[in-house]
Structures are given as C-alpha cells and as structure tokens.
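Naming follows writing order (A, B, C, D, E and F), and every chain is counted from residue 1.
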Amino acid sequence: MIFPILFTFFLLLSSSNAAVQDFCVADFAAPEGPAGFSCKKPASVKVNDFVFSGLGIAGNTSNIIKAAVTPAFAAQFPGVNGLGISIARLDLAVGGVVPFHTHPGASEVLIVAEGTICAGFVASDNTPYLQTLEKGDIMVFPQGLLHFQVNGGEAPALAFASFGSASPGLQILDFALFKNDLATELIAQTTFLDAAQIKKLKGVLGGTN
Amino acid sequence: MIFPILFTFFLLLSSSNAAVQDFCVADFAAPEGPAGFSCKKPASVKVNDFVFSGLGIAGNTSNIIKAAVTPAFAAQFPGVNGLGISIARLDLAVGGVVPFHTHPGASEVLIVAEGTICAGFVASDNTPYLQTLEKGDIMVFPQGLLHFQVNGGEAPALAFASFGSASPGLQILDFALFKNDLATELIAQTTFLDAAQIKKLKGVLGGTN
Amino acid sequence: MIFPILFTFFLLLSSSNAAVQDFCVADFAAPEGPAGFSCKKPASVKVNDFVFSGLGIAGNTSNIIKAAVTPAFAAQFPGVNGLGISIARLDLAVGGVVPFHTHPGASEVLIVAEGTICAGFVASDNTPYLQTLEKGDIMVFPQGLLHFQVNGGEAPALAFASFGSASPGLQILDFALFKNDLATELIAQTTFLDAAQIKKLKGVLGGTN
Amino acid sequence: MIFPILFTFFLLLSSSNAAVQDFCVADFAAPEGPAGFSCKKPASVKVNDFVFSGLGIAGNTSNIIKAAVTPAFAAQFPGVNGLGISIARLDLAVGGVVPFHTHPGASEVLIVAEGTICAGFVASDNTPYLQTLEKGDIMVFPQGLLHFQVNGGEAPALAFASFGSASPGLQILDFALFKNDLATELIAQTTFLDAAQIKKLKGVLGGTN
Amino acid sequence: MIFPILFTFFLLLSSSNAAVQDFCVADFAAPEGPAGFSCKKPASVKVNDFVFSGLGIAGNTSNIIKAAVTPAFAAQFPGVNGLGISIARLDLAVGGVVPFHTHPGASEVLIVAEGTICAGFVASDNTPYLQTLEKGDIMVFPQGLLHFQVNGGEAPALAFASFGSASPGLQILDFALFKNDLATELIAQTTFLDAAQIKKLKGVLGGTN
Amino acid sequence: MIFPILFTFFLLLSSSNAAVQDFCVADFAAPEGPAGFSCKKPASVKVNDFVFSGLGIAGNTSNIIKAAVTPAFAAQFPGVNGLGISIARLDLAVGGVVPFHTHPGASEVLIVAEGTICAGFVASDNTPYLQTLEKGDIMVFPQGLLHFQVNGGEAPALAFASFGSASPGLQILDFALFKNDLATELIAQTTFLDAAQIKKLKGVLGGTN
C-alpha cells in the first residue's frame, strides 16, 4: 500500500515546483518590465500559448517593397516571453526588398526556405559582408548592425529569421528618417543627404516637415 | 552646531538611496516577471524576509524513495528573489535515492553534512561522472544535466544543495514521464521503453493513459 | 579640397572602431572560455564565417530513429559564437522520432518547413504540452525541459530549430542512460526501471555494464 | 497610387513595432522587479523622460564633508530604467571628501570636469590604487570595491560619475557603521575599532546604541 | 605576540583572494573572447591601467563635420575591460555635427559640459525624441537606436558620452552606406535613395562602386 | 543488424556534442577573461574536477579573529568555473568573528551546520538586518553589502556560505583600510577615524604609513 507515502513525497516536491519558473507566458494586461512582460498565472497557461500558427500564412507582398515581415515576437507569441528567442517570417516577391534595418536587441540568423536571397550587413569598420543565399543556406547578422535582404532570383523567396531575444526590435532606416516629422533641414544636417532627396522620400513614405 | 548641515547631506544622499535596489524581497501578491517576483515595498521589508528556518527540520523520508527534498527557493524564501542564489535540504534515509532529475535554470553544488552520498551526472557526450562523497565533500552538477544522489552508506545522510538561481527548477525524470497523462504509446515511441514497463511505472507513480 | 580633413576624422573614429566588438568569429585553435570560443583576428574574418550551407542538405535518416539532426552551433558555424543564437536542421522520415531530450543551455523554437510533426514538452509540474504542428507552425520548448518530436504524418518532415545560445547543448535521454558504462543496478536504482529493460536498451544503444 | 499599398506594409510592420522594447521608462506607480521598475505605457512616454536637468545645478557642499552627490539613477531619471547605465554629479568644495563607499551594483567611471581630485580604490588583495586626477582625466572603480574621492586642489572640483547600472546603489562606510542603531559593542567586535571611537562617530553622524 | 597567528589567517584568506576577479585589465596580446579581452596577470596591473588622460585633450574638429569623438573604450582604456562601462569625449565646433549613428552594444548617456547641443534619437515606431541640451543637462539614447548630436549654439560645445559596455561599438550611418565598396545600385535598392545622391556622397566620403 | 545505422546516427549527433558547452573546467595555465578562466580540453576533464574535498577539514581558528574561511571558488575548485556558483566553509571558534566584509561579485546564502551564529548586514539606507541563527537556519546577504558573522554561542560553530558566482570576491573592511600602505592621514580624511585609532589597527594588522 504505497500510495499514501507517495502522496507525501509528491506534496513535498510540489511545493518546490510552485517556485519553478520554467517559462513566463506573457500577460499583456499586467505591467511590463525591462526583462519582458509579466507572467500569466500558471493555472491559465495552455499549450496554445507555446504554439503560433501565423507564420504558416504568406505575408502580403503587394506593396512598394514587394516584401512582408510577419513577426512572432513576444507581443504576438506570448510563450517566448522571457525565453530569449523569437522568430519572424519573411516573404519576398520577385524584386522584393527588406531595406536596410537593424534589430537593436538581438542578433539574427536567417534561413532560406524557398528561392534565392541576396543578403548583407555592414560592420562598424564599414566593411560590407554580402552573400547570395540559396535554399537551406543560413547567414548571421550580428546585433545592432545595418543589414538588408533582397530577392536575388526569379521566383518568390521565403525565409525565416531567428532572433536571440523575445523582443529583438526592428528599426527600418528609411522609416526612421523619412516617415515622421523630423525637419528636412535637420535630416540634411545629420545625414548629408540633399533636401530634395529627403523631401522626395518623405513624400513616398508619408513623412512631414 | 553641525546637525543641520549633516541633515542636508543626509537628504541629498537619501534620495539616491531610494533608487538603490540592494534586494528585491518577493511580493507574492504582485505580478511575476521573467526576472522573478515583484519586490515588496521597502517599508515592509523585515529581517525575517532574509532568514529561513525551514531547513533545520529533517524532511519526511517515509516514502518510496526514502528521501525528501526541502527547498528554500524564491517561492519559499522571498529574500533570495532576484539575487541569483537559493538552497535546498536533502534528507536520504538508508537506501534513499533522489532519482535522475535536472534543474533547468541553474547549476548546483552539493555539500554533504552527514553520511555518505553516491552522486553522479551525465554529460552531453553521455560520459557519466560518478563519485562517492563523504562528509564535507562537495560536488558540482552543471546546469540542465541529468544527475542523481543515492545514500551510499549505512546511516541516514544529510546534504545541502546550493543553486545559482533563486528559482532553479526541478524536473524529475520519472515524474515527467510516468506521473501524468502522456499516452503509453507516445512514451514508448519517444523513450524506446516497453509498454509494459511504462504501465508499471505509471501504476506506481499515479500516471494515466 | 576636403580629403585631408576627412582623413583626420576617419583616423579619429577608426581608433574607436578597433575597439568595437561587433562579432567574435570562433577561433577553434585558441582557448575556449565560459562565454564561448576566442575570436578570430578581425583581419582574417571573411563573409564565409557568417554563412553556413550545411543545412541545405537533408540529414541521413536511415537509422533506428529514422531521424537526423544537423546542427549549426558555434562549433560548426563560427560566426554565431558569442551572439546568443544558433540553429539546427531536423529531418524526420515517415515514422521518424527525435526521442526525449533537453537542451541545457537554451530555449528552442521549432518551425515546421515540410510535413507534420507531433511535438511536446513536459513542465516541471509534470504537465505535458503536446501539439500537432503543420507546415509553418512554430512551437517553443523552454530551456532545459524534456521534449520530443515525432513525424506525425505520412510523408517526410523537415523542420528548423532555433536556439537562444550559440552552444545550446543536447542531452538525449536514452543515450544518457543507456549509451555508456553506468551500472545497470545504479540505473535501476535511480530510474525505477527494471534491470531487464535497461539491459535491453543498453544492447540496442551500445551501453555496457 | 501607392498609398494604400504602403499602408498595408506599415500595418504589417507596426504590429512588430508594438513588440519592440526599445526602452522601458520607469513607472514608479507600478510594481518594481529584480530587473528594475515597470515600464510606462508607450503612449505616455515623452522626450522629457529621456532628459534630466538636475545635474546642471551645483550640489550644496555646506556640510561636514564639504561635498555633495546628486544622482541621476533610475529613481530620479526614469528614462535609464532597464538600460544598464546612470550618472551622478559630484561637487567637492575645497577640502571636500566623498568618504570610503561602495556601489554594490555597478562599476563606476569618474570624469573630472573642474579642479583636481585625488581618488583611490582598494582591491580584494588590499592593494590600494591611488591617483591625482586633473581636468579631463578619468578613472574606473571596479564594482563593489571600497573607493573615495578627495578634492586635492585649492579650488572647488566638479566631476561626473557614470555607472554600468540604472540603480548602482551607494553604501557609505561611515553611515553603514555609525548612522544607525547597531550596538557599539557589536561594531567593536566586527571592526576592531575602539568603543570610544565608535561612540564619537555615532555622535557626529547621528547613530544610537 | 599575535603576528604569527595573523599570518596564518592572512594566508588562508589570501588563497581566496587569488580567486577574486575584482577586475580584468585588458591584455591586448592574449586572445579576445565574446566577453572581452583576456586579463593581464595581477602582478603586472598598475594604477595607470585604471586611469586615462586622453579625454583631457580637445579632439581636432577641423574636418567636414566640425566634430571629433575621442573614445575611452576597452581598446584604449584597458581598465574598463569586463566592467560594463566606458566613456568618450565629444567636441563640436560651431556648426559641428555627429551625424546619425548607432551603438550596437550599449545605451548611452550624454552630459553636456560646455555649450549647447541639440540631440535626438528615433524609436522603432519612428517617433523622434529631440531636445536642446544646455550645460549640465543629460540625455539617454537607448541601445541600438539611431541618434545624432548637433552643436546648437554659437560657441564650441563639449560633452561626455557614457556607455553601459566596455566596447559599445559605433556605426555611423553615412560611413556604413557610402564609405566602402557597396554597389551604388544595391544601395539604391536597399535605401530608396537616388543613384546620383549615393554617388555624390561616395565621392565625399571616399566610397567606390 | 542495426549497429551500422546507429553508428551513423551517433556520428551525426556527436558532431553537435562537440559544440556543447556543458561545463568549462578551469585551465589555470591558459588566459583568464572577464567571464572566468579558460576551459580545459574536454579530453582531460575528470570527475575530480567536479569534486572538492577541502571543505571537509576544519579551518585553523587559532588566530586573532578565532575564525577561518576556506573557499571553494573557481581558483580552488576548477569545476565551478563559468557555472555561476561556489561555496566556502566557515569555522568560528568560541568568540570567533568574521569581521565586516563584502563580496563584490555575488550574493551569499549562509547555512549554519553546527552551533549558533549571530549574523547581520547593513543595507544602503543604513538599516541593519541582524539575526541569531541556529543549526539549520539560513540567511541571505545581498551582493556587495557589508555583513559579518559572529559565533553567538558557547561552542564552536560551523557554517557553509554559498555564492551566486564562481569568483564572488572577498573584501575585508579592516584589511582594506589597515593592512596596506594607505597613508594614515588619507584614511583619517576618508573615514573620519582618529589617526591614533588607525595607527593602532595598522600595528595589529601589519599596515604601514
């Protein structure tokens, strides 16, 4: 008759289990902190918190860059909160481009699932590192450095980007410069670009001033 | 008459002291985040938050494994929250065993306080590292690796396990496999164990399916 | 005539660039430390250090588990060293299984590129989280927890596993228990498995004692 | 007519932007955690959260140490919360002294803006490292080690101290020993100081017992 | 006669002191790793390793941007290696500009020591945060985000920038795009800039292709 | 005939195993870095690297403080290198004292194995937290804060101190102030202690100047 004894053992250990922070599924209704979102109560965690189906659907590339980025960061995929990892889907139509951008909070590994992608990053010493990637190739983009991806082939391309943070961030150079109300003169002064060039891109991207 | 002047100095510095995060005693009523529990308001912190007496009492080893683990993790001992350290008491009756388990969140150092303990871990290359530990000996178990402790002597053994996290976690292999509703067939497929063996252990540990 | 002036500016900043640690491509010939491999000298870094083509080739699944894991961790892909990220390719033939295992050093996000995969992990409180994943679905496995993947369909499956560490580690449960010289009696004592079961699996996997 | 298309692209990416944790401006009304204060809602963040003017005003050095420390830690300067950096202003009148102290949570770099400062720290092997710093000189004080600053010149001195934490902490040796109710006998026992010396300093600093 | 006894005590503790890693002064001749440079042997560490006088000298602003940045990162100031902090001097002549740039590895706090500086950064949601800073004002620039500094007054300006890393990195936007051999067509494709604009800036900054 | 197939599987996985950084046993002959000592080559790692017997032997308390600290930090116990944990033995004869000290690099949990210990720490706001600890009691001392232990009973006391770092450091207040060549006048200026008191303690502890 071992069950009562086992139960004792279980109770002892379960008190420690209560302390275990195996994961911290994001509770978007509670305060966020520097390390990420607050955790859902264990009782309300479900398997769906750890699974995300949004990356199975191609993004809409009918836009000016002929590209779409579909993120599964902590804000979309609560199960990765606090776990130091996230992922995004990248669709590039023929001629598609993900223009120069950075991820302030994480390094990225890109894996090409379909098609051909020409990718590159620029190091702090201004050296460019460029490569044409075929299906199955991977490339790493170190944290915070400017990089881009271009569909280098004649068919649509699909890739997945992994990040070493649940919230890697994404700063798109053109949007940062031209899609807000930064004064044209100030942009000219801090980028050396001509005012006419700046105004042209503001026009395309919706910036003012 | 220096007191007024001192007071000024005190006020200046006390404003910085308010910012000091010397510690973050767990407030179990506030949200938890990836870095641990929220902090109690400084005014309600007491010395008892930093002291824990539960490890002075032997755990009940009248159970199937003849062993008991008494944790002082952040969930039991709020003073360690956020400080990257915790401890547990391990009682092993004669013949007692802490079966194969892992701590997903921290490395462990075990110190033998009484008796003799045979302990071991298995590295990722499948090499086992085994040692018989006498009173005063210590052994380190690297984070996340399978390890066990067995009373190797003819008297009860007592040990303390230190962890490099306030919430190191504890996953007991047999419980993970046999103490839940994982289908016997699925366990067989993913462990190569025979169905009969699985069902036998489910029976002992309370698993179903 | 601005070039001499520009040159001065360049020199000033290039001294700071020398200090920039954008990346730390692994130098396998130099000492390794707790944070990873030593860095190659900047002058010998090439774009190929940041690109890896090995994941474009299907792993050989003609084995007992009908599965193959092809890693691109820091030891294979020197560009990810120190960047907190890595990736692996997972091929599962029909009936293929990646048996229960853990990654002691990182959480994992799995993305299904082809086929159907039934995946699951067990939390510290012994709750199993199981899901059948279709193409494009992703699932996260928190650091250090036991998990598995099984080809749940009638065609080969392909997936990529991302990790939040350049060296996440891999401990396969069956290998840790049965593919070394751990004494059968000791395994029985620390897993509650029957000796006959242990010996059978030692026979299959090449263990002794 | 590209605006509708652009809008689609914008919506796609803006969902990822919502997940970006560029910064975490401190919300002093929400719970604090081990990693810092909770974050203000993005909509209520303003440029003033990232700017602090309090260091432009000289601290009042009309006190016993002829010195003043004005902190811009996370508690005063909410924009640095979670960003691993903070700063303080240090005013030293002629003869001014910042007595031996430690910062438990961060290393410090001091830069002399005006005057001459004699600074020093003591390493764990008891070796003192002392230097007289002129305007523009910098000195680093490693985390947690006892250090001091003395105005070494004949004019007021001004310096800025940078810290590698948003909440570096500040423990002033004399205050820790003599500005509370620690029993004189206990201090004597744990510092080897004479009781008369202890009582004298308690008198000056306002300690009791 | 207590000296022999004391000596015993000293020896006991000094063995622990040997293990203390108070600091890790950079040894530029030994391998570098992901966490920084190797440490100099304790016996060769001197106070000068912790002191740097280079920031006392104004940088040469006789250049196209009328500005100079003088870093005291680990590569210049070996004492900060491994301590998570560094500093730089910023000189801005009248009309001087530090153009848009990022620090991939750390957040920055800028303190204005002389003059008036107009500074700003752009967040991931493209919101600009701009402020005119007077003497004594500080502003924080979160890690990895594009930011700039402009002399906003009619006299030279001096500032010090603190970083939460010993090697924060520095990527200057214009240099990354125009001061290397990236093909004009590729830059046009990934920035939307006109080819003529790109060629003009390549001409100024010394880029080719 | 499954062995050849298994062998293939083993080879595939073993390549990943080579990348696994389960542990990093200290190689004292190779360079040290900010994250700890370099790692021994895997082939030369032995179980003895993970076991340490030095804490089984009582330290010699025949000294002025009637106490002895025996560390098992990374410098003595190479197996903990890089694992974020270490331990020390503390022997206190009747009347023994571990005087005020700090650990700059880690928090500490003390567990009393024999006897009675009066322990305490002082927070940054100068509040003392004191407790008399009986056998089995534990107390946590947050990182970098001044703390002490005194044998509060009439029998020898034994305790073990765990640290959340493999190299927590140890700065003993009296040694830092009085056991070196810091000038008496400078100590007086930066501690407010009387010169006579300083000279007396320099005499006891071996300081000069």
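By definition in this document, a residue touches a chain if its C-beta (ideal position, glycine included) is under 8 Å from a C-beta of that chain, and two chains touch if they have at least 3 such contacts.
The structure presented is a predicted model; accordingly, all values stated were derived computationally and were not measured.
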| item | value |
| --- | --- |
| Separation of chain D from chain C in steps, with touching chains one step apart | 2 |
| Chain of greatest Cα-centre distance to chain C | D |
| Interface residue identity across copies chain C, chain E - same or different by half | different |
| Distance between chain centroids, defined by C-alpha means - chain D, chain E (Å) | 20 |
| Distance from the mean Cα position of chain D to that of chain A, given in whole angstrom | 34 |
| Length of the line joining the C-alpha centres of chain B and chain C, rounded to whole Å | 26 |
| Overlap residues in chain A, where contacts from two or more other chains coincide | 17-18, 20, 22, 31, 33-36, 83, 104-105, 123-124, 130, 142-143, 145, 169-170, 175, 204 |
| Pairs of chains satisfying the touch condition | A-B, A-C, A-D, A-E, B-C, B-D, B-F, C-E, C-F, D-E, D-F, E-F |
| In the complex, chain B residues that touch chain D | 2-3, 5-6, 8-10, 12-13, 15-22, 24, 27, 30-31, 33-39, 81-83 |
| List of chain B residues in touch with chain A within their complex | 31-36, 59-60, 62-65, 68-71, 73-76, 88, 104-105, 167-170, 172, 175, 179, 204-206 |
| Residues of chain B that touch chain C when the two form their complex | 97, 99-100, 102-105, 120, 122-124, 126-128, 130, 142-146, 148, 150, 169-171, 173-177, 179-182, 186, 189-194, 197, 200-201, 204 |
| Complex contacts: residues of chain D adjacent to chain E | 14, 17, 20, 22-23, 42, 47, 50-53, 55-57, 72, 77, 79-80, 83-87, 89, 106-109, 111, 113, 121, 123-125, 129-131, 133-143, 145, 160, 162-165 |
